[in-house]
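What follows is a set of notes on a single structure, which appears directly below.
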């Protein structure tokens, strides 16, 4: 049986997210309860969580979470890790044994810092880390980096999400932002690495739906050095946002207007300045339109953004109570943990719900982009 | 006078029970394949003159006419076929290069027919294009790598773009090779459908200046009709390097077709031969192309996209890459099945490569070089229907050029005798008795209908794939699967086999 | 007779079995407390009893339902009244997407807003004439493919600049009628739909349902009726008659 | 408003139709000395030959006057007009007061002086009653002399001849149809008729009608005598101006009318054979006793009587006639006299074919089409519109001459009625 | 009124208009084969294609506003229908005097001498159909059946 990376696997899903604007942390219990309500939206072949703010003691380290098929691969990977990073802590990720969770791989985490001498000229630190991850994930058979940000982590595996949450003892972590995913893949045995959230550096994405534009998106991304090794929509969507926000320095709202572009008919009704911008966004980044049904929560250390496709082919509900913002595929998933929100609403197709930590202006704080960089078509990751 | 070994190609059968001797056939056949016999008071056929253009068959009010292949058996010979022998008879007779019209008619594989499209089932919804928004809008032109945006404003304009309501344009056919009414039909249809037509290298007739905003004007080696007004009137300019039917060959419009209107439009004296050299004599190398591209951009103040059209030849991917780097906004590639008014038979049938491969190779190559998004890619060369177009876009094309199918929509029956100037359908002729057979109102309606119908079909196919904007199909090769192809062919096309 | 069921942490399968069992005993009214996310409540049930739901019922509530009366004290989720045949649903809150999909009969009253594709492919058949009345606003693709029945959107408590329906309203509509208490821009309408003023017969109908609505939700009938309604109907019942060329 | 029309033929009918285009209300009274519903005068020869029934001679349907609310006083003759008191006096002394009056009394036979005119079986040939009278005496084998080889005479001859009557025609001129044909044309027609047994005495005239109470023959000025059972005097017609003669209405040869067909007296109009209207070719007023002219004048008069300004720019001589299957159409000047004319001719006597077109200053002023008459109306219209034909003069005689031969612009303006069409 | 207008730019000289006119007025209405093969004396065409290559166009009665034929007709057989504007010849009454031929400025009236002599002319197929046969079968829309609108907008 082929797993993610060997074949493209579409999936239906449930998503949920909770965040506190003030950065106050809560345990994973709530998010587990929330995603559990939507049990029937997944089929036991994938569940996962992303949590921000969980490693305050290592907040300047990259927290790499890895699956290994066996010890030999682990050794091979650690050899490479050691070559490019200084490892300040390596440990197994604590788990609880649960009957429902089977075929557990070796699950390790490493708190690391890049070795500057190994970095290529012009290579930024983040690029260096990404390149390393790409290399492990595409070249080292049996090893998979599934989380790589700072002071955050993703936890995922094959099983229903509520079981995965218990398995990873998420009740023992405290985070200011949680997202969760229950997966309903249609033709996979379920591979731990293929579960969601998908994560790259600080980015995490949980995603519901299957996109029709996948290969158009992928082939565009590949021009910019991304390797879509998992062949999942979630991976491609992550890279799209990484490319637009981090590498191109496109403002978040414009990035949203690229992936969930307004229809031309709507653009034609805009004022001239807007029209010019929106036309340019669609014309230049036409290959990054995400077509087909999706609802996503894109998480970063600064907050998260929930978004629907422009036809709203997937459901998405949001609610707010005090400093907490809630997002879920179904309202009941919110009500389960917040009985009486101050307000609740269904965002429109293409209309983002953005929740940022107080004082933050964007999901991503990017380094100044070298404007000439792309003129030479030599974007290397 | 010696024996002429050429026997008639076609046999005209007249059903006597149906023929009412109305002589419509006689009046309609420019080849004089029908004749009225005053003495017998009835119509007779001259089979030898028949080119099988079907004009008489279509016009016959009682459908009394049938045309068959002339039933003359040659001794079976898999090698020396009738066709091979006829060619020799003709050349023995005349000592001439075999001339033919329209596209390659050899039974080469048609790769479009070896690709199948995807459709959504369950995991994502197909879309009903009749009710849900469906966008075929396409912009052709050079794209920057990224945009500078500040405070919700675009800081730099993007280069000029052609806006197409659907990814289909009419490709270049000159006034001279086709009639003014054919040009009028295509221009009006392009305007109606929100797309573009292409003058070819014969200039822009004064009556069509009003359609300038839907016109791509061509600058070819003969530079016919090219002046500053011509360039400024157009929506875009195309430098023609080559065409699929005759890569590496120039063109030649015989003087007898250079009447008053053609002469004015081409800006050449009445009755002179209009010769297009094989190459542009100011382009002997890629850097010269850049020079021409920029001279045109300068002349039009960088307001118009510059197309460069090449024939699909063996190293087309590398050439296309060079063209992108030379500054073209749009690269147009014409496959070896592309049509022509007149081409040497052996060139037409043996030079070039299929557009499917050329497109796949160019798209892949440009992506490998990271420059695919800089340009738009337009392909042509026997696009026969809307699924060819969908497949082309999935392989990586931004839009397609159609010409043969456009002419068929105007009535062409593919008799392949365009070069005789006796086109009974009023298309490939300048004879006023014949050109009026193409009423441009009807022509425009028919060509626009074709585009409309194809647009609907494209929308249906897109909807089936769960895609509501054409751009999400572009280069989306996952939507294609090959059938009956070798691994090598699948590899070149960059697609998987059906069932994978 | 009245039975109360606490639905807390009961899986939908069990809950719905309980409901069916209780109804068979001749109970006229069931109160479901602490409902949250349980799907399929009332699905496929024929009867005239009432179910009062406290909480947030899950998707596909009242699918194929034939006659029950459902009162929801809370918001509804997606696909309520899917292919419903008869009965009444009163929602004291908002409802999600595809409310009343292919609904053939019965009535749905929603106090607040409804999501995308509401009343999609709703149809009338013989004496059946389904009705949806929405107090607030509707999302995009409202009444898409609508083939019959009646939908009323009241647009109460709209914020300034807010539109009573979204874009593509009535796209593909080929039957039935929509009444809007307010106006729409042309671009919001599907190409198959035209706007007409309401006539006396329309007003009588609107009057009846606004009355019911006001009664259900304790709204001021006069205030609602004081604003003008428009009517949306399809241009014809065969919008795509000329689309195909028979090959 | 009361309209009164004296007369009951083409001009009168034209007037009724003209009035009713504008005024559907006010009464019309029509007076005719003939006791018949309106019938077509030119059909009398057909009637004589039995080719049409009396019913089929009607110029308009039986209900015509009823539908147009016209009061008819048939068989009553108007004898005087008082233009001051606006009165018409009838033979029975009744007086009709009119607001608008049309005199459309037509023509009356011109009878040259000859002895014996008073005898029985001497007829004229312009009215239905003439035919009825003639019919009583004709039978196969009878002999007739017709005086005059003009249109009426020849038509009468054809009619009689077809009934088996032996016909001789006496004509003062050197040819038949001298008013509408030249010698070449007349020759063809005469020969054509002679083949059918009709005999001619040209260049002579009748000196006397011989016989007792009944005519038995004629003696000619050339000394010949011809026996005959009946004599028809068909020399011509002159305007029947009798009713206007003692009024203030100006009468020349006919009643003089202007382009609105009004006479010298306001409110009094005249039309048809009685009137002297404008001739386009001769550029002067002339009596044009032809039916199309009568109708058009009548209609114009009617329109003006009812208050709608209408102008009839004039007519000219034109005739379409045929004898024994030999059709001919002529118009305008057929035998030009004087300078400045150009004549185009195609003559094939053995085929009875003759085409002659007369031009002056590159404008067609007349033509003769004998045998091949198709599309003659195009030439007629060139005359009417005074079209300069210099560009296509050489094509005029072509058998296929048509609009294709006109310059494109002229053709289009005629065929498309202007250059801006809604449909293209 | 609606008339048939010929656009010579698009007339291909096929004469199908004549052929269909004949069939439309034959006793085998619209059946071409029977009209031409069975009818001993098929009707004559009421539309005429004039041709001088490359120019050609079809011409038939213009149904003039002030139709001279109706005024010249000696028997009153030629009438313009006040409602439809169609000029028709009541063939029963027509005596074949050809006065209409004399006055028709378009030469659009032909002599039908097959039996009882009658003037034959276009009747716009008003008995048969909505669309005159010539227009319906013109393969190049060189014949159009439409209202004429003059420069000042009058019909």
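Just so it is clear, A, B, C, D and E label the chains in written order, and each chain counts residues from 1 on its own.
What we mean here is this: a residue touches a chain if its C-beta (ideal position, glycine included) is under 8 Å from a C-beta of that chain, and two chains touch if they have at least 3 such contacts.
These numbers were taken from a predicted model, which means no experiment stands behind them.
**Q** Could you work out how many touching-chain steps separate subunit A from subunit E at minimum?
**A** Between subunit A and subunit E, the shortest chain-hopping route counts 2.
**Q** Not counting subunit B, which chains belong to the same connected group?
**A** Leaving out subunit B yields the groups A, C | D, E.
**Q** Under the document's definition of touching, what chains do subunit D and subunit E have as common neighbours?
**A** The common neighbours do not exist; no chain touches both.
**Q** If we define chain centres by averaging CA atoms, which chain lands farthest from subunit A? Would you check?
**A** Max centre-to-centre separation from subunit A belongs to D.
**Q** Between A-C and A-B, which chain pair shares more contacting C-beta pairs?
**A** Looking at contacts between chains, A-B has the larger number.
**Q** Need the CA-centroid distance for the pair subunit C / subunit D, whole Å please.
**A** Going by mean C-alpha positions, subunit C sits 86 Å from subunit D.
**Q** Could you give the separation in Å between the centres of subunit B and subunit D, each centre being the mean of its C-alpha atoms?
**A** From the centre of subunit B to the centre of subunit D is 69 Å.
**Q** Please compute the C-alpha centroid of subunit A, do the same for subunit B, then give the distance between them in whole Å.
**A** Roughly 47 Å separates the two chain centres.
**Q** Distance-wise, how many Å sit between the C-alpha centres of subunit B and subunit C, to the nearest whole number?
**A** Chain centroid spacing, subunit B to subunit C, equals 53 Å.
**Q** Can you list the subunit A residues in contact with two or more other chains?
**A** As it turns out, subunit A has residues touching two or more other chains at 265, 311.
**Q** Using the touch rule from the top of the page, what residues of subunit B touch 2 or more other chains?
**A** Only 132-133, 441 qualify.
**Q** So which stretches of subunit C touch two or more other chains?
**A** As it turns out, subunit C has residues touching two or more other chains at 141.
**Q** For this structure, enumerate the chain pairs that meet the touch criterion.
**A** A-B, A-C, B-C, B-E, D-E
**Q** Which stretch or stretches of subunit E touch subunit B in the complex?
**A** 9-16, 19-20, 32-33, 35-37, 53-54, 137, 139-142
**Q** If you look only at subunit B, which of its residues touch subunit C in the complex?
**A** Its residues touching subunit C are 128, 130-133, 453, 456.
**Q** In their complex, what parts of subunit D are in touch with subunit E?
**A** For this pair, the touching residues of subunit D are 13-14, 40, 42-43, 46, 51-52, 56-60, 291-292, 295-296, 299, 318-322, 327, 329, 331, 373-378, 380-381, 384, 400, 402-405, 408, 412, 414-418, 420-424.
**Q** Spell out the part of subunit A that touches subunit C in their complex, as residue ranges.
**A** Checking each residue of subunit A against subunit C gives 37-38, 40, 265-266, 269, 311-312, 315, 317, 330-333, 335-336, 344, 346, 348-349.
**Q** Where on subunit B does subunit A make contact in their complex?
**A** 120, 122-125, 127, 132-133, 135, 137, 139, 141, 143-149, 152-154, 157-158, 161, 367, 369-373, 465-469, 471-479
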